[in-house]
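One chain, subunit A, links the two complexes that follow: it is found with subunit B in the first and with subunit C in the second.
Moving on, here comes the complex of A and B:
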């Protein structure tokens, strides 16, 4: 039973539906799996704190390379929010301002030639975070380390902006194309 | 070794500070008048104790999306006002994530009175993470054409029952799934929230 017409969906949701209905998506089961993963939650698996000298040394090295100071190592399981999820078995790092968590963004775009992610975490620069095509040929991924917080973002697929089909959408549409929202939280 | 570490740490701090300063710059493409206007807006927000990161981010977003300078200035000013209104509603101690989510909720049509209730549910203060997640979920429901009042009431009832972050996340995913299956958003929200909160008291 359908109690609404697809062409009357809001633009942001219609884009998400379009992405999910691409011809090369193999099955409804695959889509359900994406939604299941979208609803899953990162679970804290294990926390290991480095000894102080090693933490300082690692922090200095990391800060010199990327502005982050690693003072602890935390493991998180797969399956966090939406297509943006905390990756499995990847070390989290911590800055002086708080924890930084590895977040993996992924989107299904089998026919795309290039995909990147833009958002509050990279000054909306499409060249900053290009995504890599996964071995399955249809999914694009990138991992980003983010401090705890709230971020607006979107995918840029062959030069066209699209919201994350599996993430909550933002209210303000100041510039004509919708954004997705990501809450990065510690546990 | 100790001196080397201190020197390296100082370098890292300087490097990090420079990187952070760079991350807070307005986009190069903006005209000088627009840049001056935005800098005044951002300085005012900073003086008022509001988080200014989202204002820089909004300007960068506008540049990427090809918006004109006037449109970017309007969007940044509007966001600054929403952040101030959000802080008045949810409290001065709220962190940046909550303020940004609350500003988004105001932009979605939630009233300041309702926003205040959401931030201070009967069951006690939710964590910043839970409140931010709840507000993001609320906004998402509104973007999917759930009436604002219904979405607000639904999220309020979950907050009153101390719903967890993952319960809000799973609510959104369940409603998405229902909509994809052809269900009306309102009907889905009513049923999914009732399943999490139980029948209304008689």
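Moving on, here comes the complex of A and C:
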């Protein structure tokens, strides 16, 4: 029989744990180095919500660089294809937060059991925007209404992050996965 | 109604959450404050976990830099300490994995450590040395659970979030770590 509960520290270890709890004070040099490295790092393009003029400017810049806001269907690994498409000819609605546009994300993943979209617009929560399988059973889609802006996103296919190869990619995140970028613009 | 209201955020006085928001808005002093608040605890955990202050400083610095990069993914309904500790726990695991050869040579080779430990004037060994030695002898998963529970005083729920392990598994690890530590320290005293 155990002589202690997992929540309670055995008395015989009390002195040892007191010593383990002795503080480890970071040196001033260590702190300065950390803050210097943090300030020198470029921030990842995450949760960037631009005002309308800047969003339009960013869209124009992306288009000029060859990364248009509306991306076409391209081949994806294992024969899948993907797209993030701002519907053409859709009149923008105006809300209290500004202009919102419907964006349809789609990915062809016939063998997947579950697919969702994660990005700046849903705090990268895999449960927030599950994608629906189309009647042909091959394509997964979801429509999201987004304010104008620049967004990083990725597909979550069977629990694994996958970038959209049809979209411009941002730098890899902390976990080594490159994100895709989408510009939602009003023109 | 704001996004925070929608997400059921009620801890408006949570200083860490405000510091995160300020850091995201570009206030470098806010991130420095987060470092000052949490680095000592992180450094202590990493030092005990890795058995080396130098490695602990590297792991802790790395964890804070990763946290800085991902600040806007921090869920302000959870504790900043739990979040940064979860990053640090993964860094420590990686360091133990990638530096296994060096770690084994320096810390985990019980015979080598025993041979290298000089007795003090009374013929015994310092308690601190004995504790470091005993911690190094623990299975890393047990050491991790023990340190989080009894040194960092985390709840099992918080530990589960930070480690990704189940609560029952964590309780088992803590219990086994306690048993083993008692045995190791008793042996050391009697040696």
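Rule of thumb we're sticking to: the second predicted complex is superposed on the first by the 95 of 187 C-alpha atoms of A that agree within 3 Å, B and C clash if a C-alpha of one lies under 4 Å from a C-alpha of the other, contacts with A are read in each partner's own complex, and residues count from 1 in each chain.
Assume a contact is a pair of C-beta atoms (placed from the backbone, for glycine too) under 8 Å apart; a residue touches a chain by one contact, two chains touch by 3 or more.
Owing to the predicted nature of the structure, the values given are computational and were not obtained by experimental measurement.
In the superposed pair of complexes, A:161 makes contact with subunit B only, with no contact to subunit C. Look at A:114: by the touch rule set out above, it reaches neither subunit B nor subunit C. Of the two partner chains, subunit B and subunit C are each touched by A:123. A count of residues in subunit A touched by subunit B and by subunit C gives the higher number to B.
When the two complexes are laid over each other on chain A, subunit A has residues 2, 4, 9-10, 12-13, 16-17, 20, 31, 35, 38-39, 41, 120, 123-124, 174 in contact with both subunit B and subunit C. In the complex of the two chains, the subunit C residues touching subunit A come out as 28, 31-32, 35-36, 39-40, 43-44, 47-48, 53, 56-57, 60-61, 64-66, 68-70, 72-73, 75, 127-128, 131, 134-135, 147, 149-151, 156, 171-172, 174-175, 178-179, 181-182, 185-186.
Subunit A meets subunit C in the complex at residues 2, 4, 6-7, 9-10, 12-13, 15-17, 19-26, 30-31, 33-35, 37-39, 41, 43-44, 46-47, 120, 123-124, 173-174. Contacts from subunit A toward subunit B in the complex involve residues 1-4, 9-10, 12-13, 16-17, 20, 31-32, 35-36, 38-39, 41, 56-57, 59-60, 63-64, 67, 69, 81, 118, 120, 123-126, 148-150, 152, 161, 166, 168-172, 174-179, 181, 183, 185-186. Residues 5, 8-9, 11-13, 15-16, 19-20, 23, 27, 53-54, 56-58, 60-67, 71, 74-75, 78-79, 96-97, 100-101, 104-105, 107-109, 129, 132-133, 136-137, 139-140, 142-145, 165-166, 169-170, 172-174, 176-177, 179-180, 182-185, 187 of subunit B are the ones that touch subunit A when the two sit in their complex.
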